[in-house]
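Shared between the two complexes below is subunit A, which has subunit B as its partner in the first and subunit C in the second.
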Partner chain A sequence: MQKSKLNRQFFDRLIDALMPVFAVLAAFAVGAVILLLQGVNPLEAYQAMIVGAFGSKNGLADTLVKATPLLLVGLGIAIAFRGGVINIGAEGQIIMGSLLTTWVGLQLGEQVPGVIVITIGLLAGTLMGGVWGAIPGYLKAQLGVNEILSTIMLNQIAIQIGYYLLRGPMMDPAEVAAGTNIPHSARLIKDIDMPRFTDIAQSLGFTQSAKDLNIQGFLGELYGVLVEPTRLHSGFLFAIVMAVLVYIFLWRTTVGYRIRAVGLNRHASRYAGMNVKRTMVLSMTLSGAFAGLAGAVEILGLHHRMFEPTAVSAGYGFSGIVAALFGKLHPLGIIPSSILFGGLLVGGDKMQRAMQVPQVLITAILGLVVLFVVSTDYLVRKRQSRRVDTSKGKDEKDEDVEGTAVPTTKPEVSA
Partner chain B sequence: MAQENNLLPSGLPRIESLEMRGIVKKFPGVLANDHVNFDVKTGEIHALLGENGAGKSTLMKILYGLYQPEEGEILLNGRPITIHSPTDSINHGIGMIHQHFMLVDNVTVAENVALGLKSSRGLRLDLDVVSARIRELADKYGLQVDPQAVISKLAVGERQRVEIVKALYRGAALLVLDEPTAVLTPQEVDDIFVIFKQMAADGHALIFISHKLNEIFALTNRVSVLRDGKMIGTVNTADVTKADLANMMVGREVLLTRHRPPVTVGDARLEVVNISANNDDDKPVLKNVSFEVKSGEILGVAGVSGNGQRPLAEAIAGLQFVADGQILLEGQNVTNYTPAQMFTSGLSYIPEERMHDGCIKDFSVEENAILQDYVRRPYSNWIFLAFNQIAQHAQKLIESFNVKTPSRETPIKNLSGGNIQKLILARELAREPRVLIAAQPTRGVDIGATEYIHNQLLHQRAEGLATLLISEDLDEVKALSDRIMVLFGGEVMGIVRSDEVTVEQLGLMMAGERAEQVFAAA
Partner chain C sequence: MTENLTLLAIILGILHSGIRLATPYLYAAIGETFAQRSGVLNLGVEGIMLMGAFFGFYATFQTGNPWIGLVAAALTGSLMGLLMAVVSITFQAEQGISGIGLYMFGLGISSLLFKTMLGTVEGVQGFRELQFCITSSFCLADIPVLGDVFFNHSLLTYGAFALVPIATYVLNKTTWGLKVRSVGQNPEAADSLGVSVTGVRYTSVILGAMLAGIAGASLSISLLNIFQENMTNGIGFIAVALVYFGSWTPLGVMAGALLFSSINALQLWVQVLDLPIPSDVAVMLPYLLTIVALAIPFRRSLQPAALTKPFSRGEN
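What follows is the complex of A and B.
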């Protein structure tokens, strides 16, 4: 009897730990049923997916290229969650960030050395995203405006600003001349491209390809990603460095401490003399800043020009939330999680092409993953709280344990 | 065996006896229960006594099915039973009212009682039935509970009655009461004791946890004492003295009386001049309150809770807007300073609702140790936290107040209730304040720690600290304070020297008579 109880505890923990994996598997299982109904062999389809995402150097490169904005956005989402606010405005923040970065690139490109333009461009995107995050933060803190509503509106505004600029002042002069009126900017000059992996490898002296060196199989593909020309750019490394910095920020610095304190227990933070409102604005600002940075990196590392706003943000503002949750809102956890979701995006694409399944189906499967991940996350929390201590009341749990406190409209006394 | 007279007023069978044998429960780094034997009988109120972290709540949570023990068995009426969850224990007739209980807020009493029930499918339809049953139970047990009342509008004492009704509703024959009196006013305690005694007389079995020895003697038949997870012994309450119990609990002599030596008082450190304040609903909560606290002085604040004590403390701490009047700290005008400014000016505030306002449960002991001072040296260089210094500081707090914790990195939600309290007190005193506001400082802490806290307050007083001691425990207020201020309806009824006033006179003032009237009558 004793033994069975210990086993049960261990088993409980194990289940919790594996829950995200189950979630993905469950989503795939449901997806398989849908595929079957479509007359597609799900095993073949999933094989196409996995091979497409991770099987070749170009697949791998694309996966990491998509993981980059997911990771950056996810970091911002994690900061917001930790600070007890919710940022679903990352789409708009990405767009605003990429717009300003592009503008900086267009203005400074010719006159200033590339490295400096890249730096300024990244900073500009970060700043712009930060502003776009600060607005809902401020509205919430000062006027009690629900941040979910305001961020959704700001997303729309960002899209419209984007179209306005791309059809007007920022439109590619070539398009204007040709009269085609496609809303995109001119290509930024090559000097301000963030270096690709292959560029870095070349400059380090790795000039031979996998074929030259006779490295075969998956290792060869891996080598290829690092050395041969692919779309993979240094933004990915940059994002990983950021993840480490965010980890240090949240757990080693005074400001990170304050953000986490406010996120976990607003009352105690106020009693301890922290400025709760200002901290919430700060969390939103930082969250937006990372989304803006994601936009900047997309421009300088990948697209090298601004085009249709929603195609640049490409849903990363939302899938970044899932990546963050899947990574347990831990900066280092979001690294593998964003690679996984990057892989899903790329693999889904490949599967669609290989199996001739409609695009909506891919979206549906991704949606299922999201649904299952979020609901199992909820389930795990419930299981844990039930197991540890059910004496805590419902509302206390909402604020203190889950840390994703709902907006308060109650005015707080502070000067 | 089941006879007619074996039924409880609620119509359910009694629990003749319940026995826990050889219970062992381990948590990471602690042996919370070490082969504990414990039993309780029908008609009995059995006290469970022990220092903070002795394992009382743990033992009771095992009985209630919240924790699974590693070893041991539970016997109901002599037969072994298994309890895997609260549902099991409820089915066996066991109910529990938790330490720091919390009810779902924005629902009515009836909804709340119906909420956790397994058979709550047709919740809406059932509510009338539930209400009727609540009324019936409330009647039978003399519990005043209105099934339609909204929980969030109820005072703590009323909420507690709801908890009891809820347990009875679910068929509790045995009721575990984990520190039910810690949050109650003395009057509410008297009321609830009448109910507990009646319940026992009716054949319920009650397990009662409290740190207040007076209550143990007033209420219980037997006492079991836990120390460091081990059962020290079970005695008849009538056969022992307070000192005996204190000894069993702590393992050494505990001084139950306080000696307040005369000290020379210095300049006024805290001056409150005619302040008034309103609450969120714009109702006045403080009206023209004036007083001063000098260096080396403890000013006690007595009053039935809800008469302005909390707004007063918060006005001084910068948490409550002061509409009118002035607050001076060491001669400096600090009216409507922010809390942060107040803390840097030399104020420490031990809030009443410490579990909620004074700590962050998911933070570790270390992180909680620096809640106000995390940006200050030596705990940080403004940007980065200095973990060595923080660890040292936390260690100092743990040692100074004998806080029981597996490690400094343990999230404090895993500490026992009293140990969280001790950590917060230790933190506030260690800040070396010029002025201290201590609200209910010994609520929920064991007698050893109470002694220590009292001695600390007296020690700091001798060092020149000015203390505002807010407490509902009149014995505590009288023992520690040089002067006592009584608040009623947000007004000062009078400020009197503590050795010149009787408890009765204080009682009259707390009921709204001014000091002049009270003393004119005497």
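What follows is the complex of A and C.
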């Protein structure tokens, strides 16, 4: 009797935990219907996608390269949502961060050792993103300005600032000289490239390729990602470390606790003597800081120059929301989630080449994932409240498991 | 003397483009007014507009009849509204997030269909500018100075402005309008009086989305007569902000829409005349203005009390 009850409880929890997976599967099912309507075999298309994203060392490397900004942005989104504010402004925060990082790189470039420039560059991007997040946070806390709207407006403003700088003071002197006037900056010097995985492996003494060592199949590809020259850079490791730090921050520090408390119940937090307004500003600032950091890492690790603002932010501000939601707004959950969606972005590109299916299908599927994930939250809440009802307040009630106490995307938000 | 004449011409040009460019803002923002008055923040307007713009264009392209395009856009918008309503009202999803999902879905699908069904940017003959010709030789559009400003627009533009008094009347003088306002202000009270909160919110969101679809079509089959990927370029998001800007009244929304479209027109002229203002800064202006306007404190008291708050009977 007791055992079957426990089993059912476990089963219920399992279903709740798997809801986002169901949501993604449902989104792909709709995607399959769209593919069928286009006269494309969805199984073949999805196969091309998966093989493209995870089947080769270059595919895997690109997947992790795209997972990096998704993870960093997702961490910021999670902090904001946990704190009861919504940050739709990561696009703008990425752009502002990458602009200042590029500027720092251009200014300090050859005068200071590379490691120091990289450090200052990352800090500068973080700071600028934080400022761009603090503005809507402050406007919300002090003047009651809806942060959803202000962050959307700030995205557009950041894009225009980017174009202004890249067409003016930051434009590549070579472009000015040639008269082509393409809005991008000069390439930063190679000394301030964040090291790639292959550079790290070389310096650790791994110089042989998978072929040399005769490692076959998927293991060989995996070895290739770590050792052979790919686009994968140390930003990915950096992002993983950040995820662990954010986890510790949110669940092991007083400030993190305060952010979550304000997110769960603003009024109770105020009653408990917390400074709710300051905490909201802090959540938004940190959220923007992580998006700015993502921009900095994109510049120093991948692009090495600033170009079209929307091509640098590349929609990560929105797809980062998807990654954060799918990771249940948990810093460690966002790690696998960002790899999955990084793979989806890479796979979409491969699918376009193999099957002539436009890559924008991925944007539509991501949109559906958002719609389905936020919808399944409702089902989870319903199921939980039903369980509480049937147990009539006995000890069977769902107690809050640490770290999963707020699995929903339902912060207390007033417009 | 000639300088004065060109200045007058420029001012008249800005007025004409201002009225013209207000069209998509008006449809989208007045539609959104209904949704928000009922308590639902539909942030997916941009995605709905893109879908409306595509299907409106495609139907016109295939049939040559812009009216069929208009109907197609309205239907597409309504379906997108239904999707938003199911997610936000029935499943009580956080509206800021579900709206972003709807935006991404609309952006993705409209771009996908554009690439597979059209392939390249094509042109169509959409709604023509009306000249208001009274006799064969005299048209109102030929009236000196102001004729062109007021009497040389497409039917969709006049429709957008006609919507302002209609929406005001519907919201303030009809039973349904009262219900919309009541479920947005105090859904519990409305529910206790037998008003179906869910039903009224569904119709408001779907009506708003239908107008957003038409807003998209006003770009693709009236103002520009082409379809391009992401052609709305943020108009849908501005429209959502315009509702706040206009304090949730159609008249206020119209004032905001005209202000925005005039600044847009002004910015086009800044580029044409090569004035010493960087065009990027000019483009930025409307967005800055929105943030400033949102910060004006008295507006908040006018906000529907239950905006963004899902309703479920007998909970809490």
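Quick note on the criterion: the second predicted complex is superposed on the first by the 367 of 415 C-alpha atoms of A that agree within 3 Å, B and C clash if a C-alpha of one lies under 4 Å from a C-alpha of the other, contacts with A are read in each partner's own complex, and residues count from 1 in each chain.
The rule is short, and it goes like this: contacts are C-beta pairs under 8 Å (C-beta built on N, C-alpha and C of every residue); 3 or more make two chains touch, one makes a residue touch a chain.
Since we're looking at a predicted model, the values are computed, not measured.
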For this session: May I ask you to decide whether A:M274 touches subunit B, subunit C, both, or neither, giving the answer as first, second, both or neither?
Result: first
For this session: Determine, under the contact definition given at the top, whether A:N265 touches first (subunit B), second (subunit C), both, or neither.
Result: first
For this session: Answer with first, second, both or neither: which of subunit B and subunit C does A:G168 touch in the superposed model?
Result: second
For this session: Check whether A:V370 is in contact with subunit B, with subunit C, with both or with neither, and answer first, second, both or neither.
Result: second
For this session: Figure out whether A:Y257 sits in contact with subunit B (first) or subunit C (second), or with both, or with neither.
Result: first
Exercise. After lining up the shared chain so the two structures overlap, which partner does A:D212 touch, if you call subunit B first and subunit C second: first, second, both or neither?
Worked result: neither
For this session: Check whether A:E44 is in contact with subunit B, with subunit C, with both or with neither, and answer first, second, both or neither.
Result: neither
Exercise. Should A:E110 be classified as contacting the first partner (subunit B), the second (subunit C), both, or neither?
Worked result: neither
For this session: With the two complexes superposed on chain A, say which partner A:D12 touches: subunit B (first), subunit C (second), both, or neither.
Result: neither
Problem set entry | Superposition-derived comparison: subunit B or subunit C, residues of subunit A touched | C
Exercise. Subunit A residues touched by both subunit B and subunit C?
Worked result: 410-411, 413-415
Exercise. Which positions of subunit A touch subunit B when the two form their complex?
Worked result: 2, 5-6, 8-9, 252-255, 257-258, 260-261, 264-265, 267-275, 389-396, 400-401, 403, 410-411, 413-415
Exercise. Which residues of subunit B touch subunit A in their complex?
Worked result: 61, 66, 68, 70-71, 86, 98-105, 280, 317, 319-321, 336-343, 349, 351, 356-363, 367, 371-372, 374-375, 380, 382-385, 413
Exercise. Which positions of subunit A touch subunit C when the two form their complex?
Worked result: 34, 38, 86, 88, 139, 143-146, 148-150, 152-154, 156-157, 160-161, 163-164, 167-168, 318, 321, 325, 358, 360-371, 374-375, 377-379, 409-411, 413-415
For this session: Note which residues of subunit C are touching subunit A in the complex, please.
Result: 41, 43, 47, 83, 86-87, 91-94, 96-98, 100-109, 111-112, 115-116, 229, 234, 237, 240-241, 244, 278, 280-281, 283-284, 287-288, 290-291, 294-295, 297, 300, 303, 307-308
